[in-house]
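Both complexes below contain chain A, partnered by chain B and then by chain C.
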Partner chain A sequence: MIVIGELINGMYKDVARAVANREADIIQHLALEQVKDGASMLDVNMGPYSKDPARDMRWLVETIQAVVEVPLSLDSTKADVIEEGLKITKKRAVINSTSADPERMDIIFGLAKRYNAQVIGLTMDKSGVPNSKASRLELAQTIVAKAIEYGINTEDLYLDPLLLPLNVAQPQAVEVLESIHEFRLLCNPAPQVIFGLSNLTQGIKSRSLINRTFLTMAIANGLTAVILDPLDKKLMDALITAELLLNKNIYCDSFLDAYRKK
Partner chain B sequence: MAIELVKERYNNAINIVEIGAPGASMIKVGGETALPFLFKEGGMPYAPVTALEILDSEPEDWPDTLRKPFGDAIKDPVKWARAAVEKFGTKLLSVRLQSVHPDYGNRSSEESVSVLKAIAREVKVPLIVIGCGDDDKDNDLLPKASQALKGKNCLFGIAVQENYKTLTATCLADGHAIISESPIDVNIAKQVNILISDMGFDPKRIVMHTTMTALGYGMEYVYSIMERARLAAFMGDKMLSMPFILFVGAETWKVKEAKESGVRQGVNWEIATSVSMLQAGADILVVRHPDSAKAVTDYIKDMMKEESL
Partner chain C sequence: MIVIGELINGMYKDVARAVANREADIIQHLALEQVKDGASMLDVNMGPYSKDPARDMRWLVETIQAVVEVPLSLDSTKADVIEEGLKITKKRAVINSTSADPERMDIIFGLAKRYNAQVIGLTMDKSGVPNSKASRLELAQTIVAKAIEYGINTEDLYLDPLLLPLNVAQPQAVEVLESIHEFRLLCNPAPQVIFGLSNLTQGIKSRSLINRTFLTMAIANGLTAVILDPLDKKLMDALITAELLLNKNIYCDSFLDAYRKK
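Now for the complex of A and B:
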């Protein structure tokens, strides 16, 4: 399971402030903590308050790369901001993200090709987030076709069926679960399937419980990557256990410890 | 139409473990990136090695077949060690401190360690040192043995799930590599490795003994456990990425087909078991008969020629 740590995000006030004031130690601490607790990649998002997102992206990437070696997921709606990051990432980066809109895909897949990056494709377009498995699949197919057109290896494509908050769109959770399985059958080699787990529980109580329950269900359905808070220990324990039950790792009494020693 | 081979590619290699003090005689094992001898899929940077096994006193229950090649030297462990190295050319020597066991002489740790020290003075090849197999006795014996050979970078055994702390601590203090053992059980194999590494011991200094049986006694099961561990290691499981050691001699010469059936059959039993274990991924084969050691070493040389695939 590819685990992308979500905590370096300018939506969080302390991160936004650290970026604005160039407080490297705060960012680096977050990077180190997330990797220590199991992140195999880190998301980098300067959030909506950034006054100079391109420069902030550059600073964030440099600051993070100074202390950890994991690949980065460059998270921005602006292609030029992503490109600033792509220029200096040491490990192969993930672009987070493109929608299924043709003009956006042309820009993002063009960048991916130029910088040998992987891409997260959101199954949404200008008309918004789909509300059924069928429409998610249609958009996923559009993204896969475009990626192939650009010569992107489909293993390097992460399809995101988009989780919606449970209290807003409860029926969508099961649609997402079913989409995961279908996405994996879209092409060969199969694409990665990913989602941002925290979206499921925006603004609701019992977040941790709901997140980890849903994550194990999604893993059983074929999820291969996830964006989450790796500092949530119970969540990571559930992830590790789900993979164990799917026979991805060999059991031993200290299986949680063993996984973390990887 | 040409048939194209299906090739597996893995992303993790087996750890490389060094045994012996730095220099020409140091032995390195491990480093594989594919199943044994599949050179088109990956590499085996270090050839598997054989080690001859001796005891710290004259063996009481070894068949004549096994005693004969060593002649009178077998009565004196130091001479026996010299014969193993100088006459039979072993590059790695395994010394089992069996005489401390209550059933095999019940000698004091000090007596056994003084023999071990004499052997270490006399021969220049790296040493594997194995306790007597009685937990209480070993917890007294092995720290003393380890300290006596401090800095020689030996391979010490055996740590098991119920008794690993003393040996781990002592190997850590004296700079030796360690053997972790499990009862033909991949889950426990992984667990023992974790327990040892949780004490601050470098996992890259562990050699695994998954336990084994001789040909005809369920060897297939041993093979399947080793293969499962190895494949998990190649897929990235760091707690199973250790080289394997197999005490083929000790197992083979226990069974009646080997010890009661004349010279060649026992030797052949040991060779057949060793060769099968090589295909399962063995890195170190500890054998008892010099003829087996030679045959298995020759076989390894042949197999390591990449064109033999």
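Now for the complex of A and C:
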């Protein structure tokens, strides 16, 4: 399971302030904590308050890379901001993200090709987020076709069926679960399937319980990557246990510790 | 989800003693607690220490039915003991269980027909518990065919792919998960799919975590019934949440309480 830590995001006020004031220790602490708790990759998003997003991206990537060695997921709606990150990432990066819009895909897959990056493809287009498995699948096919056109190895493509908040779109959770299974069958080699877990429970009570239950169900359906808060210990316990039950790690009494020490 | 409470089992010394001494209050307390915490059915097993299993079965069924109204799962290797229960159950019972052995199936499906009972069919035969999805599926087909021969509605058949302890047969957990999905496709109407969850974690640390994670994954794969300890609150929380995410109940902030009050 590829675990992308979500906490370095300028949407959070602490992070936005740390970026604005160039407080490297705050960002580096978040990077170290997330990796220690199981993140195999870190998302980097300077958020909506940044006055110079390209420059902030550069500073964030450098600041993070000074303390951890994991690959980064460069998270921005602006291609030039992503490119600033791609220029200096030491490990192979993930571009977060493209939609299924042809113009966006041309830009993002072009960047991916140039910088040998992986790509997260969101199954949405200008008409918005789909409300059925069928339309998710159609958009996923569009993204896969474009990736292949650009010579991207489909293993390097992360398809995201897009989770919606449970309290406003409850029936979509099942559609997403079923989409995961279908996405994996779309091409060979199979694409990665990913989602941002916290979207499911925006503004919801019992957040942690619902998040870890859904993550476990999604892993059972073939999810291969996830963006989440790795500091949520119960969530990571559920993820580690689900992988154990899928026979990805060998059982021993201390399987949780063993995974974390890896 | 059909939840069968497992605690009235003479394998537990307290229960064995209560049966031997005819301490109705102990049994009735277990019955009431399990139903209060979410059991929709109760398993009744007099265990290995019973000196007169047929008589003990009668006493147990009467004792339980005096305080709760849920159907019972009559759990014995002996057909005559099961029949003692079938004679006096007020609600439609489940026979727990038959294997795929032809002689056993003839006896059990014969009883089921005579008493209008449901049946749990274990996908095993004289050669033991299978170690692959393929052999589980073959045995399941044998059971379904025999059930149909006896005019049993396939909705009244509970197929059990048989969980094995994780510490001795770890790869079997995945085989069971995949079997669930395949069993549901075996016939129309689809059979129920069930397992005894605690088999997974006999003698294992982190029992509760592993049990609830696996149950969640199994529900995502189509499990429709389960034998478990309904007094394990975290386990029941996971079950209720998984059903919510499958859109079986409407989300509200107090969805856990709402389910339990039903």
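Following the convention adopted for this analysis, the second predicted complex is superposed on the first by the 262 of 262 C-alpha atoms of A that agree within 3 Å, B and C clash if a C-alpha of one lies under 4 Å from a C-alpha of the other, contacts with A are read in each partner's own complex, and residues count from 1 in each chain.
Following the convention adopted for this analysis, contacts are C-beta pairs under 8 Å (C-beta built on N, C-alpha and C of every residue); 3 or more make two chains touch, one makes a residue touch a chain.
The model shown is predicted, which means the values in this text are computed figures rather than measured ones.
**Q** Based on the superposed arrangement, let me know which partner A:213 touches: chain B (first), chain C (second), both, or neither?
**A** In the superposition, A:213 touches chain C alone.
**Q** Using the touch definition from the top, say if A:77 reaches chain B (first), chain C (second), both or neither.
**A** A:77 contacts neither chain B nor chain C.
**Q** Once the structures are superposed on A, label A:258 by its partner contacts, choosing first (chain B), second (chain C), both or neither.
**A** Only chain B is touched by A:258; chain C is not.
**Q** Have a look at where A:250 lands relative to chain B and chain C in the superposition and call it first, second, both or neither.
**A** both
**Q** Which partner, chain B or chain C, is in contact with more residues of chain A?
**A** C
**Q** Does any part of chain A touch chain B in one structure and chain C in the other, and if so which residues?
**A** Correct list for chain A: 250-251, 253-254.
**Q** Mind listing the chain C positions that touch chain A in their complex?
**A** Touching chain A: residues 166-167, 170-171, 173-174, 177, 204-206, 209-210, 213-214, 216-221, 237-238, 241-242, 244-247, 250-251, 253-256 of chain C.
**Q** Could you pull out which chain B residues touch chain A in their complex?
**A** Chain B residues touching chain A: 186-191, 194-195, 197-198, 203, 228-229, 232, 236-240.
**Q** Going by the contact rule at the top, pick out the chain A residues touching chain B in the complex.
**A** 249-254, 257-258, 261-262
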